[in-house]
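One chain, chain A, links the two complexes that follow: it is found with chain B in the first and with chain C in the second.
Right, the complex of A and B next:
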């Protein structure tokens, strides 16, 4: 079986984009909730019933083709920091991390597939892909679901669909979501409008930590809210349509900023780069905001293209549990700030200062694989 | 801005469409963690707002106060989950609870879901399985009747038929 240290040694391909266009949409994620027939749901089951359900499900999960050599661990066998690292990597939920005996996590080698056993539902499985690829993520997870259904008696009702602990997940049991980086919509004050429009469509949108409509790091998550009354393809198609529209707005806003306010943009790049490269103390708020600027800059050609990848890796690495795991000890907030700044300096030491970027009407950096400005 | 649940500074902001209206909730870091809000895929604002304002605390306020008296004794025979439990935690005890509390559930569904009927994926072989399940149940009661009336010839035939069906679908063992 795979060890925890092996699992988290490298960032997953989906976290850093790989070869996929992730300039605006970082990741796509599908989650399915499934339960066993007639066996009490985890929240209502006794510890013995939970263990029994787990013993029934775990061997079947580990037999899945993609789960060969997977990381499989009872949550009672993980430390608090290890569980928190999995949460920071979006591999298990915060709620799941709070559980111990009778719950488990099975995570595929590449971290694109993870299955939580005895979370709120008997099974919560998720599939993640870089960029906007909800359909691809769904197809992969649907195969896993089919394979599990062959062996496990899932609770299904012809009127209500898959039966879940909470009725908010009934029907498809599916939550589809994407994480978006929207710095230009924020800088140009269009974000409120865009978020309202999304919410009016019945979709859920939230900023990950922030004040008002401005989210720290300008990262936003868009997901479906209803799971009953629409089919999986309908839900996914609507989401993909809305998300690609938002992504297009963001892409246009980036180009317009470069055109209309080049001095402001150049100033921001220089300042954020300077701070990240030279600060010795940095809280996560400051880190996220400067990383957001540099990530935008990398997409627009201020920094080498690989810098996007570096920013996405750092977004993960500077989170509290990741910092503590790499140090092998518990850190006070002050120690974390010091450590965070140190990691930034280390990773940015070989990144060159931002270059001058001139807006070019005929050149669309975001739809192009090579965003560096033509001479 | 202050947290909607306590007086601390709000750092997590959620906007979702609930019953056709935009609802906004502001939470501090610890309340957000408490309520599982930090995992957006596992969270629905409809769930949190089901009783109206979030300030009245999420858990605890009963949802079916008007119907409570008549469903006081109602319990899921399979797992023992009661109507009281349902209005307290707003979750179910097991898959069979959905049959027991169907009417209560149909009351709360419109607030959280677009439709009332599943139109998505149906597990492979589900229809087929369902028909077989019905047939097995019918055969079982016929078998019981045959034994009762001491019609052993018919009972033997029914038993064979049952055994055959059950080997086709090993998942459908008697409950």
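Right, the complex of A and C next:
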């Protein structure tokens, strides 16, 4: 079985696989909720019943073709920091991390597929892909779901569909979502309008870590709300259409900012870059916000294109549990701020911003020491 | 006669001549106020009387040995921007810049000696030196004063000494001052205490541009208040003693900060450096404050030593009139902010901060792409 350190040593494939052309949409994610027949939902089950459900499901999950050599672990076997790392990497939920006895996580090597056992439902399966590829993510997960259904008795009602702990998941049991980076819509004060329009379409908008979390780093998660009355492909198709439109709005807002307020934009990008490159103390919130601006700058060609990927990776790596895991020890918030700034300096040291050109030809006295071709 | 552009092309000698060892005290300045007998003080004189005084004094001043080939100009012959440049360079006072008819300025080539004709008094002479060298500055000015006295009938009273427009200058007519950079006393919250102690000794503390100006960039001007009852050498000796003590307090505060809060200090220095190096818009106040912190960093060896001199020069060059003069046109505040940021980026582009070393030996996943000697 894969060790935790082996799993986590590399970034998830969806963290780094995106193309820069489609850099507005970071990731596409599908989640399916399933429950076993005849065993109470995890919230109502006794410890023995939860263990019974786990013992029934785990061997079947581990036999799945994509789960060969996967990381599989009872949550009681993980430290608090390890569980928090999985949360930061979106591989398990915050709620799941709080569980112990009878709960487990199975995570495929490339981290594109992960399954939580005894979260709110008996099974929560997730598939993530870089960019806007909800259908690809769905197809991969659907295959897993089909394979599991052949061997596990899922609670299913002809009329209602899949039964779930929370009625909002009833039916398909599916939540489809994408993570979008919308800095230009925020900078040009259009974000409120866009989010309202999304809400009116019956979709949900959340922050970086899902329900109830703040939007940090101009990152927004857009997902379907309804799981009843429509088929999975219909839901996905509608969501992809809306997300494409939002991404186009963001792309337009970027070009318009660049055209209308280039200096303001360069100033913002330069300042965030300068602070990330040279600060010695930085909290998560500040780091996410500066990374967001530098990521925008990289998308606009102000920094080398590969900086987009670097920002996406750093976004993950500078979070509290990741910092402590790599450091091999518990760190106080101040120590984390110091370490976070170190990592930023280290990884940005070879990134450069474009050469500064003073556009007019007036002679400047400080240039006296430099030979100049001007008269 | 020297042209304005020739005068201003180079930084003043006192702006760049200081040694880094004594970087707390930027400059030492002596000013003497003198008036002619029988002609009313400028504030009470008619335009004709002011011209009469000027016509009497100017030829004598221009004959002084150090004033051969000096810049000499009636203020009515200077543009608003040119006058403001002289104010920013501390060569004439703000009050003098507001005068026109019958007022003039004579400024020696190296800008260490300047004489205002018909400011508040008929003559205001000034000598500036880099570092803490009040006595040297005084001796140079005293020589000029002696030479002028041989040819001009100064208003002098046996009991009161030199007569001046403002009674606070009566007696010696001398104001001795030094400009100090006290960032560590500010950062460690000791500045209030130190300024109070200075005030109790009967000395005055002011901001960058003298009376009634704010302290920007942690720069403080300390000067004598009393001009009666003591000889010039006594006043200077006392002032130099106090200034030496303040400079020592600052030096100690720097070392203590470096010892007690190295990360906070590095963070401050790094952030100011990063912002100066990468911003595209910056107002004067922000620029002065960041330059102050970078200057501290250079004194402490965080940046190359020559950065101290660069900061001192930039301090002057990024001010509104200097910017407009070099640009050859009037600039709006927004244009100045843009130009100021350009100049900062240009001159800091080759300055580097020390290499970042992550102190522990844990392997970091982002380093995977770099070959590493570690296992």
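Note that the second predicted complex is superposed on the first by the 340 of 375 C-alpha atoms of A that agree within 3 Å, B and C clash if a C-alpha of one lies under 4 Å from a C-alpha of the other, contacts with A are read in each partner's own complex, and residues count from 1 in each chain.
We take it that a contact is a pair of C-beta atoms (placed from the backbone, for glycine too) under 8 Å apart; a residue touches a chain by one contact, two chains touch by 3 or more.
This structure is a prediction, so every number in the text was calculated from the model and none was measured.
Enquirer: Considering only the touch criterion stated at the top, classify A:149 as touching first (chain B), second (chain C), both, or neither.
Expert: A:149 contacts chain B only, not chain C.
Enquirer: Touch check for A:55: first (chain B), second (chain C), both, or neither?
Expert: Neither: A:55 stays clear of chain B and chain C.
Enquirer: Tell me which partner A:327 touches in the superposition: chain B (first), chain C (second), both or neither.
Expert: After superposition on chain A, A:327 lies in contact with chain C alone.
Enquirer: On the superposed three-chain arrangement, identify whether chain B or chain C touches more chain A residues.
Expert: Looking at chain A, the partner in contact with more of its residues is B.
Enquirer: Who does A:279 touch here: chain B (first), chain C (second), both, or neither?
Expert: Touch partner of A:279: chain C, not chain B.
Enquirer: Report for A:345: first if it touches chain B alone, second if chain C alone, otherwise both or neither.
Expert: After superposing on A, A:345 lies in contact with chain C but is clear of chain B.
Enquirer: With the two complexes superposed on chain A, say which partner A:160 touches: chain B (first), chain C (second), both, or neither.
Expert: First partner only, chain B.
Enquirer: Between chain B (first) and chain C (second), which, if any, makes contact with A:139: first, second, both or neither?
Expert: In the superposition, A:139 touches no partner, neither chain B nor chain C.
Enquirer: Go through the superposed model and pick first if A:314 touches only chain B, second if only chain C, both, or neither.
Expert: second
Enquirer: Once chain A of both complexes is superposed, is A:41 in touch with chain B (first), chain C (second), both, or neither?
Expert: In the superposed model, A:41 contacts chain B only, not chain C.
Enquirer: Which parts of chain A are touched by chain B and by chain C alike?
Expert: Chain A residues touching both partners: none found.
Enquirer: Note which residues of chain B are touching chain A in the complex, please.
Expert: Contacts found on chain B: 1, 11-17, 22, 29, 33, 36, 38-42, 44-47, 78-79, 81, 85, 89-96, 98, 105, 108-109, 112-124, 126, 130, 171, 175.
Enquirer: Going by the contact rule at the top, pick out the chain A residues touching chain B in the complex.
Expert: 29, 31, 35-41, 43-44, 87, 93-95, 119-120, 124, 126, 142, 145-146, 149-150, 153-163, 165-168, 170-172, 174-175, 177, 195-196, 199-207, 209-213, 221, 223, 225-232, 234
Enquirer: Show me the residue ranges of chain C that touch chain A in the complex, using the header's touch definition.
Expert: By the definition above, chain C touches chain A via 8-11, 263-264, 266-267, 270-271, 273-281, 313-314, 317, 326-328, 338, 341-343, 345-347, 349, 353, 355-356, 358, 360, 362-366, 368.
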